[in-house]
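Everything below concerns the one structure shown next.
Chain IDs A, B, C, D and E follow the sequence of writing; residue 1 opens each chain.
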């Protein structure tokens, strides 16, 4: 199957562990910020696949758990800076909820570096690219995430 | 075959079983592949505050009260993969059977109620047609039972359901604690083979041993237990009480958690689901998992109609299944009196009490 | 797994995508996806033939939904949704997979980029497969606009809107409208008098039947959404009734309190009761409460006694006025970057170092010196004046990273004005480079150099300090490579422009974003330069970015025309991607009600009910509801669930 | 029985017919074995149909055992698996295992009058009996079919029923009148009472929504049918079809092995758990 | 010391005067010394009610059941229902009211102060090898009847951990209350086990939870017993789901399957993490979930973790007020945000 070939080569070519990241980006700031990174041609690793959601406040903890369960090595939630939420206070709600998720993940012993939240505004293309760069760097030494990944053999 | 095993020698027997590949099995095909596998010995271990069967420690100490979970999982695991499927777009699906890997388990310390449980499970899974997966696993499990000199807990009632604390039903070997040694008796050919493997660790029983055995058994049977008042009348009484309002009353505190059934040595209900691992191509496994008649959606039709909607009707199903339907189908109660469903029920629903109350009410 | 018929269109974007993403591979991979019955790539999907091919493919293949793998949805989502609609599909069943900005442009390795493009496209396929057909929700429109800020931008926008017959409320926080333009003397590139061109407009505003002018007022709260905003405006008390005030100055002349006059940037003084400047609109005095000795005859009360017409009322209360408007223009303007930040330029502590606006006031006929250029310290005519450009601008390390755009021009203007006032004086300009894009601008600067003999020195000033009654300016001339030392009589700093104070608050109140420099963010830098990120709110003037008057006026006009266009529709269409309650699951716990930022949910018979007009589809409710009883249409948990799966497959 | 009782055989969808559209759509599928496998069945038996990745569901075999090339199933779109079924195309491959359950004692009924009473999708389970009886027309006396649905649009097998008209007495009904509807208007049990089939040497076979069955039986009894003359089928949630998963029981009987066909005389003996 | 007779009288009085339609309380079970929940409607049954250290059940679950039943049969209650509630139980009733599950007027709370002690932890007693046939409160002691005669044990030796840490062993919200108010007494510092656990490094923590999550048999007893897990359909599993006349085929077909039924570690883990997140700010530490777990999964650790975060980071106390906003449906400007990059 041609479509999975490309994915295989990615990992194989480098021989290095390539973490798979799911990045939930709010539509207004972080997704726009990542667009800006694109417009500015800022290079960053391709490990993170973005999923655009209306608002960081719409990211249910279930999404994060589910991504880990489906085998994500890292999960990023990114929204507008506090006070800049397009929906006024969605990111305030997100901050509280995500704090709990992050604490819980760490509590049960999942490496804290596997889950990240960031505020990236529409103007912060460079920041977005740095967030991804740093995340990938931090994930590499951790190796694949198998703690929560569903084993359905 | 009847032998004596010094308590200190039990580990030698276990070691012998683990070392010597044995050709046993109940004529299942998987047994052929299994000729070179060793026995994997499991025995009760106290961990996390509960007794559970665990394998691989090499050391077996039979000082347990009964395990929280019965040994039914050895032949009927909570999760069983039937087959995997893969369907590439535009092509027919490919199915790959996943028959259980033949690991042979010798399960030590099985209490007589759970031995009786195995008998009942065998009936269910061989009735009408033989269950492929259960059969494959069951033929590789041997139960090395341990008679109960004392009831295991305040809720034991094996005598009430036609069993006995020294019953060898369902066992391959039955051991009886005679203080510093066990009286070990083979019940089946598999049992004999198991004992043969340990050959030198055993000694021959003396007349005194036999006498002590008899006495121990007699004492065990004489120990007081909880009682179901009239077992033989139960099926008819339950049948007559099908529409009784008593069920709702008795189930009033039930939280529908299903602990009673998950821990029951004879509950066998299951669900079958497809667990997907990939969407393109469609890939996954068809999986059997334990299910539970106390769960509200167990019998719910797609339309939302549910023949057993209320907790009362579900309690009735559980109790009637144990004491009426199974009796009608197989001529014996399904319940083996282990008392787990009473002990573990968090709100005090007590099957002995329920059967007695219903019978009393039916007059 | 859906068996809907999905079509995928992968764009090369010329070479923009195709250079890093193997487009054919993406197309082939998508063809293998469940539910995809058509997959195609094309060099420019957004071109006419590209768009037509989408329309044709939908019709020919009986597609239920389409995915376009191309650039950011911000650019062409609408284009392709319109295409889908033209082909008879519901436009909400079209999804964009952003494989350009979020993929091709940010990666170099072709294999990696291709693999990622596949994942992005695949997840869009999953989302599209579960998209519901939705129809926009019609919302009635309030035909009234609010303009915030009464500078030239706000004035122009208000007039343009009002002239189209739409009512306008113009809110200005100061006692008069006019903004910074009121402080300028002459304006480049024509050197005409600023007030002469502004005053008639201010008067027009005050007389316009469709404009309700609210000075000394601030917007406190904004709720609702495009077409139907509800605004609360706080009108601070001026303690003077403008209807009665005769602007006779009797009150001010008796006022014992003297404070610096902000209109003249402290170069002059005023009383506690004052008029910002003679031609203020509204033409009325204002009592500055913070300076007044106390609004109480016991403490002072002199002005009240002096006013014959009884215009002064100490009991005037702040008033909160609620208005409903359909659209808002934000024109809150700029402030100059504070001298205090500029330690290398004396940090505002060196005498005779002025900022640009102060210099404007010096040159202005109505200013501190009645139009004579005199240095503040000793009121003598300065003979050597140094103008320094880019003060605080273009300095990402310490100050503002951006170029304030107009400083080159006004410095040239200042140099010329100075030379016109003091023909025998010497004007030096330190510059980094000259940016004089604009009609007649380059010529204007040339004249400053050639006709008016301004000495332009390319280089930075490293230090300045007061010495022997002069200001010693140390700098370098990078063209000659020599250090320069000038003992100036006066120094004028072309300070950076920054968003006016309070821009942050107003952005919060309005829920509109700001850019990294704090200016109000436009929705798209190229295609939506006057729209804010929130529908129905538009931007004009220096609040959005530094600019000069012609540009400000142009932008104000553009914002006005957007407002007029918006409000000329009988109803607005509201995005139908709103929350939906699953009654069977809702327990009525009200957690969503508390969480919703728009108060769009209430309970009826123990179940949540969403007001679709108020709901913005943020999804805060769905993430808060424990029972998955509320979801945003077309961004459902099932869709996200499948997208996650697609990203990790 | 195959070696692995849980392993379905593959079967190809050969033909799809949309019977009823709308919220509770029904489609009829003809299914052929893929690898020459397949099984024989009797009237009234069912099969477990699989869509891999979605699951299994129990569906009555709606074709006569006399047809060996294919099996027919009519599936109502109600949930996870059935909805996926409705998205299938001709040529798609599904899984099938069976046959399960007992069957109608058709052989015992030769020489008798047959009255079929069906409602909605309930026509499917009795359709094999109807078509078998019509195919062996000489073996039976009068054959009448009462069939009703909510509206004319909700009637399935419309064309097939028309074709039977010469061989059988077809009595259609709809709950609510609609323009152009010439036949009975009202519920199926009422239609039965209206037409008064004779109980003499007659077997009545009914299938449909539980509430309909209840009234049909009442009315049949009123017409003089004995409990032994009335047959019906019951449906309970099933997972294995083999009497093991433990949920379809009605009292001691697992419907999947002892049912789904019961005479009213038998059913009366069982507790009401369906 | 609470006099059992007072409680019985209260219950009897309420039923006789028809002020309530039923009383939810405890009676002696047939399973040894243990109490079991009972719902009485007849004043004559009041004498069955008991109050002893085995009254550990959080009966507010039955308020939920009652409300579900009423909804199911489409009835409105003609009178409130009374419930015997300890301090923790009363807090859970408050949470239920905060979430509008029922209104204050619908319940009559017969508050029971735990006074100096709390309830028994059966497992602690069993560990002491004591098989009792009866248990009773006596000041700071529990008194057990055993085959060997009466055994007196300092309550704190066999008391449930949560009781040792309870700061509010007095039902603040009540209609009637029995026993002294000894609010504020803490025998152990709160979150003792949690603090101890958190001293482990991430690797050790994972090892611990890996083991625990592997053991769960997903009977869901922990969920069934929790009064706050009253959802018609649990998001992580469809053991129960509301199929109604209006439920469309679409909805049934498109139910998100966050977890599979298999009791494997990742599935179990997803369940437990979701459970505890859903209970953040709602769990009032009645610890019923941990008590009923047949395999002794230490759920309280998870619950406590969330509780402490809520308290320390967000200043939030579950079950403190009927009117306040729920933890995750609200926020403060001062919420921590340092973890965000």
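Just so it is clear, contacts are C-beta pairs under 8 Å (C-beta built on N, C-alpha and C of every residue); 3 or more make two chains touch, one makes a residue touch a chain.
Note that the structure is a prediction, hence the values are computed from the model and not measured.
In terms of the stated touch criterion, the partners common to subunit A and subunit B are C, E, listed by label.
Each chain's centre was taken as the mean of its CA atoms, and the one lying most distant from subunit E is C.
Seen from the Cα centre of subunit D, the chain whose own Cα centre is farthest off is C.
Of all chains displayed, A has the C-alpha centre closest to the centre of the whole protein C-alpha set.
Two chain pairs, B-E and D-E, are weighed by contacting C-beta pairs, with B-E ahead. Remark: subunit B and subunit C have CA centroids separated by 73 Å (rounded to whole angstrom).
Per-chain CA centroids place subunit C at a distance of 70 Å from subunit D. Subunit A and subunit E have Cα centroids lying 36 Å from one another. Averaged C-alpha coordinates put the centre of subunit A at 30 Å from the centre of subunit C. Shared interface positions of subunit D, defined as residues touching 2 or more other chains, are 53-54, 78-79, 82, 84.
In subunit B, the residues that reach two or more other chains under the touch definition are 88, 271, 273, 275-276, 280-282, 284, 300, 302-303. For subunit C, the set of residues that touch two or more other chains comprises 1, 32-33, 122, 595, 624, 637, 641, 645.
Within the complex, the subunit A residues that touch subunit B are 1, 3, 150, 152-153.
Interface residues of subunit A, counted against subunit E in their complex, comprise 61-62, 65-66, 69, 82, 89, 92-93, 95-112, 116-119, 131, 134, 147-152. Interface of subunit B with subunit A (complex): residues 81, 88, 275-277, 280-281, 284-285.
Residues 1, 32-34, 122, 126, 642, 645-646, 649 of subunit C touch subunit B in their complex. On the subunit C side of its complex with subunit A, the touching residues are 22, 25, 28-30, 32-33, 72-74, 98, 100-109, 111-116, 118-120, 122-123, 504, 507-508, 511, 513-516, 521, 533-534, 577, 595, 597-598, 616-620, 622-624, 632, 635, 637, 640-641, 643-645, 647-648.
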